[in-house]
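Structure provided below as structure tokens; questions to follow.
Order as written gives the chain letters A, B, C, D, E and F; numbering starts at 1 within each chain.
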Amino acid sequence: MGELLRLYAGAMSEHGFTHLDETGAARMVDVSGKSATKRTAVARSMVQMEPATAAAIADQSLGKGDVLAVARVAGIQAAKKTSELIPLCHPLALSAVKVEFALSESDLEITATVETVGPTGVEMEALTAVSVAALTIYDMCKAIDRGMTISSTQLVHKAGGKSGDWSRA
Amino acid sequence: MGELLRLYAGAMSEHGFTHLDETGAARMVDVSGKSATKRTAVARSMVQMEPATAAAIADQSLGKGDVLAVARVAGIQAAKKTSELIPLCHPLALSAVKVEFALSESDLEITATVETVGPTGVEMEALTAVSVAALTIYDMCKAIDRGMTISSTQLVHKAGGKSGDWSRA
Amino acid sequence: MGELLRLYAGAMSEHGFTHLDETGAARMVDVSGKSATKRTAVARSMVQMEPATAAAIADQSLGKGDVLAVARVAGIQAAKKTSELIPLCHPLALSAVKVEFALSESDLEITATVETVGPTGVEMEALTAVSVAALTIYDMCKAIDRGMTISSTQLVHKAGGKSGDWSRA
Amino acid sequence: MGELLRLYAGAMSEHGFTHLDETGAARMVDVSGKSATKRTAVARSMVQMEPATAAAIADQSLGKGDVLAVARVAGIQAAKKTSELIPLCHPLALSAVKVEFALSESDLEITATVETVGPTGVEMEALTAVSVAALTIYDMCKAIDRGMTISSTQLVHKAGGKSGDWSRA
Amino acid sequence: MGELLRLYAGAMSEHGFTHLDETGAARMVDVSGKSATKRTAVARSMVQMEPATAAAIADQSLGKGDVLAVARVAGIQAAKKTSELIPLCHPLALSAVKVEFALSESDLEITATVETVGPTGVEMEALTAVSVAALTIYDMCKAIDRGMTISSTQLVHKAGGKSGDWSRA
Amino acid sequence: MGELLRLYAGAMSEHGFTHLDETGAARMVDVSGKSATKRTAVARSMVQMEPATAAAIADQSLGKGDVLAVARVAGIQAAKKTSELIPLCHPLALSAVKVEFALSESDLEITATVETVGPTGVEMEALTAVSVAALTIYDMCKAIDRGMTISSTQLVHKAGGKSGDWSRA
């Protein structure tokens, strides 16, 4: 092939990003040497809305309406799609996914709990579940409250794996 | 079939949710009567991080590293997957998707602009793009900063369609 | 390339399958000359179950349980995935999808109504919606009634397009 | 967050649905404690058609036409998509999928056999394979026989797992 | 947000890549101003193999084996997945997809023809169809001929659109 | 069911295709008896282009442009989609994916390395990664060089599994 110009050949050591090699190129990190152990992650997101919107969700849920059920299904299915959405995530066989809601006067809190028995953690799966559940709430309520904000999407807790347990302070 | 028990038969009128029928059941709203016109939406999300994390992204980006490029691709691809992720969204042929980043001392701001020529708006596509780009940033930086928070995911602006233009105050 | 052996070269005219060419090879039929008009299809499927299973669904639905809501979401999402599941189906921008349930003593009847403004009909989308909704019911009830049968999956009605309206006798 | 209204808080014990929690909310059941063992499932579906349609399939298949080959591929691929289609299904690494056909005067019988080494069974994968293969047959034959009916979609046999073997009476 | 460091702010004008903005950032090009017209593309790929492998395919195809039928279905389905695989491709409603094979002594030539009525061309769809059909052939034959090479994957012809017709010299 | 005509009943033994049963019907080969061991595959593809195109990629990459980063992400994500694209491939939990580029005067060489701990090899995943990365390069450069050719897509090396190691001569 003649002379090659190796791209990305400049050294970029010690950047600290495990998803980048020493030249800065993205990669799916090698987990073939890690053993499959039980791992759990809990994530949370908040949808801030007008009190009237929260009231409408509450009314509708006290009846038989589907708003939260649709968002829950969307969150569960999104957890299973995580490795398709987040480019450098490993595909994982999830063991359990749970999505829960708590409604206050002007907030809907969404919590997802995900478990696997695998070589890497499920933080991204839990975060993806709450994010897509929140987007689904936005979609169903946007005709009445376009200004809603999704905030505080964050990891609450993780357990298992070499890096051990972690809980938000 | 004998006597049927029609489910969800109780009246639940005037709940205001266009994605629910009069009995509270979810549905994909009928847009067959709406004409295909140009529609634009701009959404934003913020990833709050430690200053050291922001500095690492900046360093890496001034070189040739892929962190923001990976997140940008993830956001663009997610916009195209919106109707697969959000159960009641209509599939739309997107005309343009752009994902932009602005980094400050301890925040990465992500902005997505989406356009279509179609019968419904692209607010959900823009919100999905910034959400998945933000999750991708979290994924790539979580080994160095597990406490990052994704916040202020919101619609900034929309234009086109029967409901007209809207901008966040 | 030397002498070629054209595969599938034997004539197989007049087989009547529009999805096969004259040699029997599968293809996605050319619809580029067909105009985009409004098309509707209604399909139905029945899940036959033990009376105790039907009673459990009814009880659960009179409360706030998610069984039918989950199946409804699954059916709506499957309609949007039709062209991915059925190899020779054209991708279509669906305008509306509705999935309804009627429960009798030992049957759950599922009806899907799908609309598009496009160059081909949405029969497959409606049939796919009821089939996947039925499979979802099976999945959620199989622990209590493994012998359930999905039957009578059929087109009920179609309207629009060059072939015109059709209703099951 | 102020006072929270915990949704779905009413007791709904002993409903028997493993996919619902005690409040009726859908969830992906926790299988993290189940061991990976070999599991098999066989499912069946029937496509009822006009004798002329069955004859056309037979003629076409005795030549080199693709009708059954296309349906077989669609069924195999659908088995792999089961956890994407059925919201509360666990993703499973399938070990084997086989789709077989038997044609009689006015029926096409479709049988799928699926195997895995995993923590849950593959009944849904086998049922999804026959359902999508049947829908594909409908799609390819609908231009000549719109009235076809898919019936008797059911589990024939399962083996492995804690619940043990089961065969349809 | 304090002072922002606008990333990718250095000028990179006149690079000629339509998929990059003036700062080098990837984007989905805006096609909202382009009209929907009929567009066609033809692509080709070659699978080079041992004569014994080609003979096995020919033997198998003269019988009723599925090798080419499976590859044809894979190619057609891949065409529909193009915008999911190629990050900056626009989703397009394909009007027609055809995949053809010609077998010589030690080569299988694969040709795909794709049509749409849309705002952009279908070159990528045709190239994706032949590439995935070729990979499928490799998969089915690799147990008997691991050294097969896929070569000459290229656009043969395109018609329609503002850039007009083009044929390989 | 009356008399059945078993389709594909003619013997076709000794054809050598493991993906076909003895009647020529496609199937997903049974790997339930194979143990999960570490497996690696390396594949390569070449994109042949005008020197001016190669120069534009080099210029753009020495800056901060995204061309190679986008193609790298596309290749990694495609590796994860292999079992969805190639009909008879088994779904595998990939442990690592790496996509590398080497640019010469008129060629871009793409190499993918894939690892798994599983019951089958990852040759198809590596070949799919390089193929989709190559298609992505074509997509981004086609406006300036429509005549590019993708060639020499081939397996370079595999290790692990019952069939042992293999390297291209």
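Keep in mind that, in the parts below, a contact is a pair of C-beta atoms (placed from the backbone, for glycine too) under 8 Å apart; a residue touches a chain by one contact, two chains touch by 3 or more.
Just so you know, these numbers come straight off a predicted model, no measurement behind them.
Undergrad: If I compare contact pairs by residue number, which of A-D, E-F or A-C overlaps with D-F on over half of them?
TA: The same interface as D-F is formed by A-D.
Undergrad: More contacting C-beta pairs: A-F or E-F?
TA: Of E-F and A-F, more C-beta pairs in contact link E-F.
Undergrad: Could you put a whole-Å number on the gap between the CA centroids of chain C and chain D?
TA: Going by mean C-alpha positions, chain C sits 14 Å from chain D.
Undergrad: Just how far, in Å, is the C-alpha centre of chain E from the one of chain D?
TA: Using C-alpha averages as centres, the distance is 31 Å.
Undergrad: Compute the distance, rounded to whole Å, between the mean C-alpha positions of chain B and chain C.
TA: The mean C-alpha positions of chain B and chain C differ by 29 Å.
Undergrad: Show the residues in chain D shared as contacts by 2 or more other chains, in ascending order.
TA: Those would be 8, 25-26, 61, 64, 66, 69-70, 72-74, 77, 81, 87-88, 91, 93.
Undergrad: Return all touching chain pairs.
TA: Chain-chain contacts present: A-B, A-C, A-D, A-F, B-C, B-E, B-F, C-D, C-E, D-E, D-F, E-F.
Undergrad: Using the touch rule from the top, collect the residues of chain E that touch chain C in their complex.
TA: 38, 58, 61, 68-69, 72-73, 76-77, 79-81, 91, 93-105, 107, 109, 115-117
Undergrad: Give the list of chain B residues in touch with chain A in this complex.
TA: So the residues of chain B in touch with chain A come to 8, 10, 12, 15-20, 23-26, 45, 56, 59-60, 63-67, 69-70, 73-74, 77-78, 81, 84-89, 123-124, 127-128, 131-132, 134-136, 138-144, 146-155, 158, 166, 168-169.
Undergrad: If you look only at chain A, which of its residues touch chain F in the complex?
TA: That would be residues 1-8, 21, 25-32, 83-84, 87-88, 90-93, 118-119 of chain A.
Undergrad: For chain D, which residues count as touching chain E in their complex?
TA: Per the touch definition, chain D meets chain E at residues 61-62, 64, 66, 69-70, 72-74, 77.
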